[in-house]
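Structures given as structure tokens follow.
After this come two complexes, each holding chain A, first together with chain B and then together with chain C.
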Partner chain A sequence: MASSKVSRVGEEVWKSRIDKINAEVVTLTYGTIVAQLCRDLIVPNTASKTDYTAVNAELDRMGYNMGLRLIEDFLAKSNTGQCTNFRETAEIISKVGFKVFMNITPTVTNWSQDAKSFHLVFEENPLADFVELPDDGRAQEELWYSNILCGVIRGALEMVQMQAEAHFVSDVLRGNDTTEMRVTLVRFIEDEMPPDDE
Partner chain B sequence: MSVYSFYIFDRHTECIYTKRWAIAQSLRRTVPTNALSNGDVPAVARRGLNAEDDAKLIFGTIFSLRRMVRQLGGEDDHFLSYRTGEYKLHYFETPTQLKFIMLTDTRVGNMRTVLHQIWATLYVEYVVKSPLAPTEHPKGVGVANELFEGGLESFIASIFPSPTQ
Partner chain C sequence: MSTTKANQPQFQSIDTDDAHAPKFAASALDFLLIELVPLAQRITEQVQARDQALIDEYRRSKVFNGSNNDTTTPTMTEAASEEPKKKPKKGAKPEPTEPTTTLGFPPTTPQTRETMFWRLDSLGYRVGQGLVERFSTGKPRPQTPLDAIKFICKDLWTLVFRKQIDNLKTNHRGIFVLTDNRFQALSRMSVNRRAGKEVVEEGLLRAGMYLYFPSGVIRGALAGLGIEATVTGETAEIPTATFQIKTKGAKV
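The block that comes next holds the complex of A and B.
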């Protein structure tokens, strides 16, 4: 599909078929979840030293479980068929996926030579509005605040036969210039065969 | 027009939902056996199979057909339905490899949109979005909930008016 057509599909679906919710509700709910995780997941044998690696992992896991279901809703609403290649997949993720669920279109850039990985650059990120990372000297280095998005992409792609890996490489919350995520295609998942029936 | 049965298979090739409707008499009429000169078992004998075996047979059939169609017509080709003397099988597959199958009588037209609608408006809404249902449905756990069953029942009833007329 041509790039402009993809944007039109995203626009169309977002306008006509999506129930909207107040963005602040989302932002604040998500913020509460992350804050609670930071309180709950503590490095063993310390009083209140947050284990940010565990928080990242937990956010990713939550996102993964969301992605597994979200893809079905996405396909039903957007009516996009199978992608012919990974470039098209990237376009759809950015211009339809993020558009219909979050009303943003992150830019797809920085393709690797073998066309198996790309960067998503988030000019805006509704999850991170009003957010300041805790000032404990470690959160800035270790916490990926919006890590749930990585999980969503991973889960959603898995359901359409693509094993992928996604992680953030920079975040404005950490003081970087941009918020960027790297998505890498690991492999296409083969069709499963029915078990042998003797 | 009447509908005989409906199946959903997940991406692990497992049958996660089955529904059968009362079989119209026309299908159950005695099959004339005189045409079978080569001593084949008459078709009626097949009725000994249970629902589970039926599902397996159906999956085997569509699995092979799907392959064959792709080999002949290219990667993007799909088969939509096939017809025998007794029934017609309609097939619809989502990009997530859920397979929706419906068996109806032979006079029924294209049911692809109907299967698509069952997926988009019933399965996605009532099964996928149900917070209590597991994400995968081994042995069909969580699929046959009340909303989905009720929705399917009335949707089918609206397409196939009651056979008692």
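The block that comes next holds the complex of A and C.
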């Protein structure tokens, strides 16, 4: 599918088929969850030193579980078929996937030579609206606030036979100029027949 | 603006929510809320394991076990550590070797459930408070508890769950019962009624966990409107959810 056509599909689905709610409700809920995780996951043998690596992992895991379910909803609503290559997948993720769930279209850029990994650049990120990271001198270095999105992509792609890896490389919340995520295709998952199934 | 409304009759904007506010797909929030319960269970078990490790370490450490405490502390910690071990057995799950319930979920002890409730309820409390703070601006402050409850039934519920509460009952002495005949979180669940009483009970118990967070939201919202209350959510028949609100000083 051509890029412009993909955008049109995204717009169309968002306008006609999506039940919508105020974004601030989601922002507020997500923010509360992250804040609570930061209080709960403490480095062992310390009183209140947040284990940000564990928070990132927990957010990613939540996202992964969401992605496994979300892909069904996505396919049902968007009615997109199978992608012919990973470039098309990237376009669909950005212009249909992010569009119909968050009403944003991150830019796909920075393709690797082998066309197996790309960057998503988020000009806007409603999850991180009104957010400030904790001022403990470590959150800016260690916490990926929107890490749930990586998990969602990983989980959703896995359900359509693509094992992928996703992680943030920069975040405006940390003081970087952009918010960017790197998505890498690890392999296509082949359907494996159960052994000796007769 | 009137034209956009006409085009999208299903999204009638309520007073608290103007049509130009940025939007999210509602299903995104649903998926997020679904994940809250397993998350709470994971964190609860993690924290319990951490506390247990601390207790074990405490028992091992020679420093604290002076000659005086030698007899008292070990027995105390022993009692504490023994109890949770016994509890799951008492629950009489059919297969003691396989740690799953009749529905194939990891089992939860009453103790775990209580902590999960506390965790999800307080999470909801903060969300409820925030929602009221943000979305009650521009509305007259409710003068009576009933006004506040109505705000929750109509405005808050529509904002988060996209429909109003179906039924509101009160004894006019501080107790309110809110019924949602098709509660969003339960609307995709089902219980196999033919599979026996135990399965049904287990199913309703698990479904009930998805009401911890919304209960907290109600409690937080009421607190934001100046009313102290306790809220318990229950489901007797999926997908109906009832929330009982007992305001402070209520008479039964």
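Just so we're on the same page, the second predicted complex is superposed on the first by the 194 of 198 C-alpha atoms of A that agree within 3 Å, B and C clash if a C-alpha of one lies under 4 Å from a C-alpha of the other, contacts with A are read in each partner's own complex, and residues count from 1 in each chain.
Keep this in mind: a contact is a pair of C-beta atoms (placed from the backbone, for glycine too) under 8 Å apart; a residue touches a chain by one contact, two chains touch by 3 or more.
Treat the numbers as computed from the prediction; the structure is a model and nothing was measured.
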Quick one: chain B or chain C, who's touching more of chain A? C
Figure out whether A:Gln161 sits in contact with chain B (first) or chain C (second), or with both, or with neither. first
Partner chain(s) touched by A:Pro195 [first = chain B, second = chain C, both, neither]: first
Answer with first, second, both or neither: which of chain B and chain C does A:Ala128 touch in the superposed model? neither
Using the touch definition from the top, say if A:Val96 reaches chain B (first), chain C (second), both or neither. neither
Touching A:Val6, do we find chain B (first), chain C (second), both, or neither? neither
With both complexes overlaid on chain A, does A:Asn65 touch chain B (first), chain C (second), both or neither? both
Taking the superposition as given, does A:Leu37 touch the first partner, chain B, the second, chain C, both, or neither? second
Figure out whether A:Asp73 sits in contact with chain B (first) or chain C (second), or with both, or with neither. both
Considering each complex separately, which residues of chain A are in contact with chain B in the first and with chain C in the second? 65, 69, 73
As the complex stands, chain A meets chain C at residues 18-26, 28-30, 32-33, 35-37, 40-41, 44, 58, 62, 65-66, 69-70, 73, 100-103, 126
Can you name the residues of chain B that touch chain A in the complex? 11-13, 56, 59-60, 63, 76, 94-97, 119-121, 123-124, 128-129, 135
Contacts from chain C onto chain A in the complex sit at residues 10-11, 17, 21-29, 31-36, 38-39, 42-43, 46-47, 50, 119, 122-123, 126-127, 130-131, 134, 159-160, 162
Listed in rising order, chain A residues that touch chain B in their complex are 65, 68-69, 71-73, 75-77, 80-82, 159-161, 191-195, 197
